[in-house]
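Chain IDs A, B, C and D follow the sequence of writing; residue 1 opens each chain.
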C-alpha cells in the first residue's frame, strides 16, 4: 500500500485536522463529530445555505469546495463511505442562515438515504430543505435511466453555479432551480488506469493489468463499459468526447465549459495532452469553450485516470460560472 | 410469556449486542465479498452504543426505540445502519406512548418498518435485500399472537428468506456491481437480519 | 506504463500545446523551437526579466510558474532532460525588457552547463545576465558541500520572492540579491514511495518493493539516504523535520513558510496528515508558520512521495512572499 | 597527406555521421546502464544536422566548426552535446580565419577544447569522463606532426584511456549516482569519444 498514513482508522480525522490547520482562513470544523467542515466565516444572514456531503478520498471534493461563492458546509464520511445522517443533520444546521438549505450532492444510495434521513432529523429545527442530486456519469446508465446515474465531477460545476446564485442573494427556490439546471447541463465520463487503496481496506479497490485501462469506470472502482489494452491519449480523448457528445449533442454556437480532470495520480502533463483533442473536437463542431478547467478537481486519492465533464451554459449559467469564488483549491475572479 | 416492555427490550439489546460481537467478522466478510466489508463494523458499533445507553432508556417504547435508532444514525453512514434506524423510527412512531406491546403486533410493526425502509431505500421487494427478510417475517408472523409462536415463525422466516433469495442476482447497493458473482451467495444485509431476528427471538444456535 | 500519451517523443510538445490552449490568458509559446514558454502579456519595459529552465515532467515547475509576480519565461526540455542552450538563449532574449535577466534554476549539471552556454550565446545581444542556483535538497550532500546539492521545490519560493522583487521594480542586482537570499533561506528533503516513468524510456525510473520507501530520494529517482520499510506518516514527517531543522536550526520567534509538497500521486489527504506533525514540530520550538503551502508545487509526474521545504523569512522576504502573483497553478493576493 | 581543410572536414563529417548512425544503439545502451540512455540520440541527432548542413560550411575553419557546434546547442540539452559544442567553439576560436590546419596543431587544439570543457563542466581530470579521453589524445599527439602519426597516436590514446579508467568509479553527471556499479564499465562519454576520434582519424574497424 503506497500510502502515507498512521492508523487507517484515523485517516479522515487526521486529514481534516491537517486541512483546517493549513487553511484556517477558509475552513473550520463544526460540531462535536469532527466530520463537519464549515466556512471559517459564516455567510451573511439570509443567504441560502448550500450543504454537501459524501465519502472522503475525493479532495478537493467535497470539503475543499466549502468557501465563498461555493458551499457553506460539508459532512464528510470515512473514505468512500457516506457520513452518518446525524453528521449531515449537523451540517444542514450549520449551513442555515435562516433562508433554507439546499442539499447538493452526488447520486449514491447511501448518501441519498442519509441526506433524506438528515432531512427528517432537522424537521424539528424548522429548516426548509431542498435537494438536487448530481447524476452526470453517462457511463453508469443509459439516457433512459439517467436518474440512476452516479454523480461525479459535474458536482464541481453545480457547487460553483449554485454557490454563485446563493451568494448573489437568490432565495431557496431560485438557488435550487440553478442547481438543478446545472446538474441537468452536466455530462461526465471517466477512464481509469490504476486503482487506489481505501486505507481501512488496505488493498486496491480493483485489479487491472499494467497495460490495461477501463473506460467508464466509476470513481470508487465501479465497473465501466469496457476493459482492454491501454489506448493512446488521442484515442481515449476521442472516445470520451464521443460518449459525451452522443449523450448531449451540441451545435454551432453552443457554449460549454469543459473539465479535464485527473482522478489523482495522472499528472497535469497528460491532462494537457488530452485537452488538445477536447478543444479540437468542440471547436470542430463550432462550440465555444468557456473557462476550461484542467487539473485535479474531483479525485479518488492516488487513482490513475481522467474524467471529462461538459457543462452546457446559457447566459445565466455563464455569468454564474465567471462570478468570484474562493476556497483553498479553486479561485475565480 | 408476557408482552414486550422496557425490561424485555433491555434483555433483547443485551442478546443482540452479544450476537453482533460474535458475528463481527462473519458480517464483515460477507459484506467484503459483495460490498465494502463494513457491515460487521456498522452493527457492532451501533449495538455497542445502544447497549451502553440501555440503562437510560425510557419506559415509553416509542422513545426507547427512538434512542436505539439514534445510535445508528450517529455511529454510521453505511446503508444498513440508516435503514435499520429508519425501520426503528417507523416502529417507534407506531408504539409511541405505549410501555407494552403484544406479540400479536409484531407482524404489523415489522411491516411498517419494511415499508418505511422501502420508501427510504427505493428498492423493490424481491430485490435480495434486507427488505425481503422483513417481508418474510411480517408474512410469517401475521395472525400469530403467542410470543413463542411469533418467535418461532420469525426465526424460521429469516432462514426461508435466505434460501429463497440466495440464487438471485443482487440488484441494490454496492452488491449490484457484482450481480453475477452474487448468485449463490447470501445478501449480507439479509444475513445480518437473520442474526438480528434470531437474537431478538432468542432462537439462536 | 500507466500513462496517457501518444508517441512518447511528442509528450512535451503536446503537453505544451495543450497547456497554452487551456490557459491562453497566462501562457504563450515563444520562438520557433516550441519549447520556450512566455507570459501571455510581456511585462513592462524596464522590469528585470527572470528566466528559468529545466526538464519537463515537474509541473507546475518550471513552465507553470511563468506569470505575473513570478517568472517571465522558461525554456523546457524533454522529460527530465535539460533544454538546449539555444532554447535557453531564446528564453533569455524573450525575458529581457532592457533591465537584464536573472537566470534562476536548479543545480543540475546539464542545466548549469546549458545556461552558462546560453549566456555565451546572448553575449552578442548585450543582455546582462546573473545567475542564482537553487541547491536546497539537504539529502543530496552534507552542509560542508552544500553548493553541490540538488535544487528541488525551494525554487518555488525563489521564483515567488525574486518575482515579487522584480515586479516591484528592483534592478538586476537587487532582484538577484533577493533570489540568492531566498535560495539560501530554503531547505528541502523528500521521500519517495513509488517511481514515475519517463515516456521515452518507457520503464519506471527505479524499482522499489510495495512495502518500501526511500528517504532523501531525488526528484528524478536519485538515490537517497536510506531505503526501508514504509513508516507511518508521523514517523516520516518527524524524520523529515529533523533533517531540515538539523540543517537549518530555528529558534523561538523565527518565521518560516513551509511547503508540504506531493511528488505527484500522493493525494492532498496524505499531505494534510503530514502537515499536522509539521505544524506541531515548528510550533513546539516557537516558530511562527507563515503562508504554509500544502499541495502539488513541484512534482515528478506520477511519482508517489512527498517533499518538505522550509523557507526562513525576514521582513523583506515575508512581504515579498505575500505580494500578489498569478499563474495557472498558483495565485496569491 | 596534407593539412586539414574544408574538404577534409566534410569527409570527416561524413565518416562521423555514419559512425554515429552505426553506434546509435550501442551508445544509448551504454548511457542507459549508467545514465538516462540518450547519448546515441544526442550524437545521431547532432551529427545528422551537421551532415545536412555540411554543403554550406564556410572555408574559414573557425566558422565551419562554429556551425558544427551550433548543431549541438540547437538539437540537444544533454551534457555531452553541450560539452562537445563547448569544445568545438574553443577550437573554432583558435583557428578562426584559417582555412587550413596542420596535424601538428591537433594536440594543442584538443587541449584547448579539453580546458574549455573542463571550465564548463567543472569536472576534474581523472574523473572518468570525456575529459580523460581528450587529455589522453592531447598528450599522445603532442610533438607529433605527421597526419598518419597523429591519427595513430590519437586512436590508440582513446583506447588506452578507456582501459585506464574502466575500473574507477564514476564521479560526474548522472553516472555518479551509480558510482559502485560503474566500476568495470566504460564511461559512455569516453566510449563516444573513442568512436568519434577513430572516425575522424579514419582508424575504424
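The working rule: contacts are C-beta pairs under 8 Å (C-beta built on N, C-alpha and C of every residue); 3 or more make two chains touch, one makes a residue touch a chain.
Source: prediction; values computed, not measured.
Here the chain-to-chain distance from chain B to chain D, counted in touching steps, is 3. We define each chain's centre as the mean of its Cα atoms; on that basis chain C and chain D are separated by 33 Å. Centre-to-centre, using mean CA coordinates, chain A is 57 Å away from chain D. Chain C has its Cα centroid 30 Å from the Cα centroid of chain A. Contact of a single residue of chain D with at least two other chains is seen at no position.
Contact of a single residue of chain C with at least two other chains is seen at no position.
Chain contact topology: the protein chains form an open path, each linked only to its neighbours in the line. Residue ranges of chain A in contact with chain C, taken from their complex: 1-6, 11, 14-19, 21-23, 56-57, 59-60, 64, 193-194, 210-211, 230, 232-234, 236, 260, 264-276, 279, 292, 294, 296, 299, 301-302, 304, 306, 331. Residues of chain B that touch chain A in their complex: 36-38, 70, 73-79, 81-83, 85-86, 89, 120-121, 172-174, 177.
Chain contact summary for the complex, chain C toward chain D: residues 77-78, 80-87, 109-111, 113-114, 116-117, 120-121, 198, 200-201, 222-223.
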